[in-house]
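There are structures below to look over.
Two complexes follow with chain A in common, the first pairing it with chain B and the second with chain C.
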Partner chain A sequence: MILTDFDYVKPGTLGEAVALLAAEGSRVLAGGQSLLVDLRTGDGTATRLVDIRGIAALRGVRREGEGRLHIGALTTLAELAADPLVRAGAPALAEAARANGDPQVRNLGTLGGNLAATGRATDLPVAVIAADATINLAGRGGQETLTADAYATRGLPAGAVITSIEVPVREHRHHSAFEKTADRATRYPLCAVAVRAAYAGDGTAADLRIAVTGATARVQRLRGVEELLLGGPTGTGEVLAAFRAQPRDMFVPGRGASAEYLGHLAGVLTARALARAAAR
Partner chain B sequence: MKISLQVNGAPADVEAEPNELLVETLRDGLGLTGTKVGCDTGQCGTCVVQLDGKSVKSCLLLTAQAEGSEVTTIEGVGEGRELTDLQEALRAEHGTQCGFCTPGMVMSLSELVADENAAPSEPEIREWLTGNLCRCTGYHSVVRGVQRACAMRTADTAAAATAAKE
Partner chain C sequence: MTIAETTSLLGQPIDIREDEQLLRGEATYVADLRLPGMAHMAILGSEHAHARINGIDTSAAAAMPGVLKVATAADFAGVMPLPCIWIPGGVESHFPPHPYGLPGSRPVLSGDVVRHVGDPIAVVVAETPKQAAAAVKAIVVDYEPLPVVTRADRAIEDGAPQLHEAVPNNLNAYWTCGDKERTDRNLAEAEVVVELDLVNQRTINSPMEPRGAVGHYDQATGDYTLYASTQGPHNHRFLLAALVLGIPFNKLRVVAPTVGGSFGTKGYLYPDMPLVLLLSKELNRPVKWVDTRTGLMNSTVQGRDHRQHVVLGGTRDGRITAVRCTSYANLGAYPSTIGPGVATALMGRSITGMYDVDAAFCEVYAAFTNTVSLGAQRGSGRAEAAFLMERLVDKYATEIGVDPAAVRRQNLVPATKFPYDNGLGWTYDSGNYQENFEKALEMAGYADMAGRKAEARGRGKRLGVGIATYVAICGVGPSTRMSQEGMLGGTWESCNIRVHPTGEVAVTVGSASTGQSHETIFAQVAADQLGIDPATVRVYEADTLKAPYGQGTYGSRSYSMAGPAIALTAQKIKDKMCRAGAAMFKVPEDKVVYANGKIFAEGDEENGKTFAEMAMAMWYHWYLPQDIEPALDETTHFDPPDFNYPFGTHVAVVEIDELTGETEVVAYTAVDDAGNIGNPKIVEGQIEGSITHGLGQVLMEAAEYDDEGHLITSDLRTYALPRAADVPFFQLGKTVTPTPHNPLGAKGAGEIATVPPAAAVANAVVDALSDLGVQHIDMPITPEKVWRALNGTSGAAQ
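Now for the complex of A and B:
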C-alpha cells in the first residue's frame, strides 16, 4: 500500500508531459520499478505522477545515420537485453540491461528510468558512459543533449525527461563489456564496471573508456586508470596495478563492504571486462 | 478514477484511487486472492501476475498504469479447475511446499515456458527465479517441476508426431 496521495496523469505527447512536470512535486513515472518502491517506503515523495508510457515518440530502437543507434527511453530492460542491434553494436549495454537478474523488473523497468534513478547505483549508467553515448532530454528550456561525460560529472538536470540515448556503434574497432557483482538481497550493484576499448595490432590499448558505479561516491569514468593503461597491455596484472595507483580516497565503503575491498573488486571486474572485450 | 481492464479474459471496470496498486485491486476489489502480498516492495515475487503476457510484480504497478491491459492471475491459468502442465509437474515434484510463493512462481515460470519448445537448463530456471523467493528454500523441487513440465510437453509432441505418422 502506498500511503502518499498523488494525482496520476497520462499525457499523450512530450509537450504535454513537460508542461505537467513543471509543477512542484511532479515526477516522471515510466516503468515505476524504483519510483513506486520509494513512494511505498517513504524514501521518495510526489504530488503528481506523470505517466509517460503513452508517448509513442519515446519508444523504439533504430539505426540513426552512419554508425549510431537511437534507443528510446521507454525501451524496457528486457527489450534492451534482447535487441539484436544493441547486442551486436553495444554489447555492454545489453549485458547491463540483463544484469538485473529479476525478469519481472526487466519487463517493466526502462532505460530512461534506470538512468534517472537518483540516489542509488543502477546498472545502465556505466554502460552508457563507457559507450560514449549522448542522452537526449526534454525540459522547460526545450530539447537538450548531454554528452556521456557531462552526465557522468553533473548528472541529470532537475525536471528533465530523458527521451532517448544515442550510442556510437563501431563494430569493427571498439569492443565493450560489462561486469557486475550484485548485492544479493536487492540485486543493485555492489560494484559494476563497463569498458569500451580499441586495440592496436600488437594488442595494446589504443583507446579506452572505463566507468564504475557502486565502488565510488557516484557513477564516474576512471580517467586515472585509463591513462595508466593506454598504450600498453591490459592483462589482469596491469589493470590491478593501475587501480592500486589511484588516490586512496577514490573508492568509498558501501553496502557493508570496505573501500579497500570495493577498490580491489572494481579492478577485478575491469580486468574481466577488458579480457572479454578483447576477445570479441 | 475509472479503470478498464481485462482480467482473466473478462472485462473488469474498477474504481481505483491514483495510488492504488494492481495487487490491491485484484485482491480487495475483485476478490482474486490467489495473488499474494509478501514484501510489498518488489523483492519477493508472491504478487507476480501477467500483464499482456509478460510477468510483472503487481505491487510495483499502479492499477491506473494497467488501463486497457490484459491481466492474467493464477485464477486465470488453465481451463477452469484443470491444472496446466506446469502446475501438474510442480505438484508431482512436490514443488509447492507451504504454497505461499506458488502462485507467483507459476505466473513467473509460465512466461519462461510460454514457448512450446522451451527447454530451459537448470541454471536458466534458477536465474529466472531471481524474482521469486521461497522461504521453505524449496528451489530444487521447483526446478525439477519446470523440467518435468517441459519433458511432458516434449513427450506429448513426440507421441502426437508418432500418431500422425501411423
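Now for the complex of A and C:
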C-alpha cells in the first residue's frame, strides 16, 4: 500500500496544535501506530498531520494532589508499563499498556493515541474506564474534561486533542486488574477486560467497575454484570452466570470467533481479573 | 598424490556472514533498485473470482498525470502464455494450451475471462508508483460474473462451473501411486480399520519480502535484463526467453538481488516478469513493479489445500498392514509453474513416512478452482503426508488401546532394510529410525507424562503430548528420475571455482539464496575442501551472466546439491595443483602431498608451497609442462544418482486452558537427521523457523475464501502468522545418518522440520481431550474449536 500525500506540521504549543487541527482533514499524529497504518490501507484519510510530539505540556506522570495521578497524553505505552507510580496506583493501566503489541509499538505508541483510536479495539480504554479516570481534552472551545463513563458511552468529541488523564490512585480498598486474549493476527484484543473492585469484610463485592472491549460492538462498561455481582461473591461460577444472564445481543462475533464464545471468554477474563484484583 | 586428513571446517558453527547486512537493513532488494529513467508499473487484478470481461475502458486512466502506458491483453497478443513444467507424472493430464504443445498455464494478462480474484487484467506504467496505482483505479472493467467454485472436491462434480475449455470437469489429473489391490485386500482383511476425513487447509506463503521485478531493455544492444526476486534465475531465463517471450536465450539476463525469503514462492513464472520486460522495450525505459502484501496474497502461489479421506488397517496387536489416501488437491485457477507435481508426487509417495507398511495406495484428484494458484510451501506434499499418517497412527493406537509410541516403535522401518523401497515410488537411501525415535522420546521426557498431566490438571490445564515422525524427500535431484515424475527440465546443480593469483578464491554456484546463508556455507565447504581460510573465499550466485548453469534453491537442495558440486570442483583444483607440484618439486605425482592448504613433496614439507604461492605460480605459468594448463578455474555439474531422505521425530507438549480452550505449546522437542551437517548454526536456524512455520499452520494460519471466491484473509490483520512469543523454546537434537548419494553425505535440511509439527501438535491436542472422546479437530486448532470440543457442542470435533 502506498501512503497518500499529506502536509506535515509540528507545532510547539497546544494552542497552535488546536488551531491547526481546526482545518478539515487535519489529524493528530502522536505515536502513529494506528494512524499511519490506516493511511496506508485506506481505512483513514488525512490531508494534514499535526505532530504533537513537540509539545512538552503533554508529557510526564506525576502525583496530583491527594490520591490522583496525572498522566500526560504523550506518555508512551512502554513508559506507562514501567512507571512505578502507575504500577502501584493503577496496576490495570500498567498491565494494559504492557499487553500492547510488541516493544517497538510500545516505544512509539502513546496513551492518547490508544484512547483515541476508536476504530479498533485497543487495550487502554477498558483500564481507563474501570479506573474511573477523567480525560482532559483541548479543543476549539478550550479545555474540557470527560468522565470515564461519558467516554465509554459517547466517545471523544470531534477535533479534540487528549492532553492527559487523571486517575484516582487506588485507595486502600480498591483493587484493579486487566486480562486480555489477543487476536492471533493483530495482537489487538480479541477480548480484553479491566476491573476495579472493593471487597467487604466477608469477601463480597462492595464496589465494582467492569469494562470490556473486543467481545462487544464497542468498548463499554458492563453495568448489567456489575449489578448482578455486587454484594455477592465473585468466584468463577458466579461471574460466568452473570455473563450468561446478559442480553444475547450484547456480544458480537468477530475475528473468526462466535458471539457465544466471546461472551464466555469475556466472563472468564473478568473472573480471572477479579481473582487477581482480590489477591492484591 | 595424497590428501592428508585435516581438521574439518564442516560441522563448525561459524558465524553467518550475511546476517549483519540483513539485520541492519542494508541489503539491496528489488524494491531498492533505482535505474536511471525508471518508470513504475501497477497491475489491475480482477475483482471477481470468475467472470467474462465484456469490455475495458482505459481512457480515463490513460489521461491521468504521469501515465506513460495503459495496456491490456490485446497489447500482448503475440506473447505466449506461461508454461507449466511439473505435471503429474505418468498419467493423462489436461492443461490450458501453449503454442509449443507444452502444458500451458495463464496468459500474461487475462482478456476474455478472469478466473480468480487478482487475476491480472491490465497494467499502467507511470512516472511514479503513486501515479501508477492511482491510474489503475481509474480503469473501468465491464464484468459479467460467472458461477464460482473454490473447493477441489466440488470442482470435479457434474455441473460445476468450468474454468478451462481444455480441462473437462476442471480435472487436471487423476494420479495414483502404490498397490491398490493389495491395499484394498489388506484393509478388507484387517482386524482393525480406522478412518479420518481431513482438511489440510490452504495456507499463504508469507516471506518478509513480497515479489518484485525490474525490466530493463537496452535499445543499443537489444539485450533484456530482468532483476527479480527469484530463487532460480537460470530457470527463469530459460522459461521466459524460450517459452514466453520467444526471444534468443542470449538476449536475456536474469539477476536476483537479495531475496527476502521465499518458502517456495519465488521459483515460479508470474505475469509481471514478462510484462516489465515487454513494457521496458516499448517505452525504452526501465520498468519496475513491486508487490504489496495484499497483492502477494492474491497473486503469489499458496500452499497445502488437500481434502482427504484416509484409512489405516492393522492387527489388534499393533502391526500396520495398509494405508490408503484419497485426496482432492486444489490447484487454484491456473497450474503454477510446478504446482501439479507438488500436489501429487511429493504428497502421495510420502504417505507411509517412517513405517514399514505391507501395502499402501494414494489417489489424488488434482483440480482447478477459482482461487489463487497452488504451489509449494516449505515442506510441501511431505507435510500433508505426515499429517495424515501421524493422525491415523494415533487414532489406531487409541482404537487398540496401545501407547502411540509403542505402535510407532513396532512399525518403524528397521535399520537393516536400507535402501528401502516404500512401495509408493521412493527408495529411502539410509536411516536409523529407531535411534532417532528413541532419542526424541527420551529428550522429551515421554515416559514421565502421566505426572505432568496430573500436575497441569491441578492448574486448570489439560496437558497433552503428541508424537510425529517423518521422512522428507529432498535433494532434488536426479534429472532422469525427476523426468519420470513429470518434471520437464533438468534438476542438477553446478559450481565454478576460480583461484585468483593472490590465492583468494571465487566460488560461483548456479543456486540462488533466498535467505539460507549460501555465502557462509558455500565458502565453508570450499575452504574446508581446500584447507584455506574461509575469509579468503567469496561466493557468487544469482546472476545468469556470471554463474554457471544451475537450477536454483528449492526442495532443501542447495547444500546437498551445490555443496557436492563445490567439493568435486575443489578436488579438481587440488588435483591440478598437485600435478603442477609434481613438476615443480620434480617428484612423481603420487609423492605430492596436499595438506591444510599446503602442497609439498612427501617428507619435505619445509620446501613446500602454500596455496597462495601455487595460485601465483599457476597464474604466471612459468616453466610448467605444456600439458598443465595455466590458471586454476574449474567447473563441475552434479547430477546425483538418487534423492536423499532426511527424517526425524518431533514431540509436542501442549496445555489447554479448560475454560477458554486456548492451546499453548509448552514444550517442543525435535530430533532431525539431515545426514552430515555443514554449519549447525545455519541448520538450527532453519529448523527453528521450520517448526514455527508448522506451528503456524496447526494453530492459526488459514487462507479463507468466501463463496464468491474473495480471499477474506488478504492481509496480515486477517491472516495470522506465528510470532516469536507464540512458540516455546525448542529443544533440538540430531542423529547423523549420511546419504550415500553425494560426497558430503549431506541431506536436505531447510524445510524438513516444517513437515511434522502440525501432526505433533494435533496429536497432542487430541491426547489432552481424549477422555472426552474427541478424535480429531480440524486445523487451525483455534481456542473456540477446542472450547466446543471441551463442551461437546457443535460440529467442530468429529
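A few comments on the model shown:
Basically, the second predicted complex is superposed on the first by the 275 of 280 C-alpha atoms of A that agree within 3 Å, B and C clash if a C-alpha of one lies under 4 Å from a C-alpha of the other, contacts with A are read in each partner's own complex, and residues count from 1 in each chain.
Assume contacts are C-beta pairs under 8 Å (C-beta built on N, C-alpha and C of every residue); 3 or more make two chains touch, one makes a residue touch a chain.
This structure is a prediction, so every number in the text was calculated from the model and none was measured.
In the superposition on chain A, A:Phe6 makes contact with chain B only, not with chain C.
In the superposition on chain A, A:Leu36 makes contact with chain B only, while chain C stays out of contact range. In the superposition on chain A, A:Asp51 makes contact with chain B only, while chain C stays out of contact range. When the two structures are aligned on the shared chain, A:Thr186 is found in touch with chain B and with chain C.
In the superposition on chain A, A:Leu108 makes contact with chain B only, while chain C stays out of contact range.
Once the two structures are superposed, chain B and chain C can be ranked by residues of chain A touched, with B on top.
When the two complexes are overlaid on their common chain A, residue A:Thr147 makes contact with neither chain B nor chain C. 1-2, 5, 41, 102, 185-187 are the residues of chain A that lie in the contact sets of both chain B and chain C, per the superposition on chain A. Looking at the complex, you find that chain A touches chain C at residues 1-2, 5, 41, 102, 181, 183-187, 236, 256-258, 261, 264-265, 268.
On the chain C side of its complex with chain A, the touching residues are 129-130, 133, 292-294, 659-660, 662, 699-700, 715-721, 723, 726, 782-784, 787-788.
Taken together, the chain A residues at the contact with chain B in this complex read 1-2, 4-8, 10, 29, 32-33, 36-37, 39-41, 49, 51, 53, 78, 101-105, 107-108, 185-187.
Within the complex formed with chain A, the residues of chain B that make contact are 1, 17-19, 21, 24, 40-43, 45, 48, 51, 54-57, 59-62, 64-65, 67, 108, 111-112, 127-128, 130-131.
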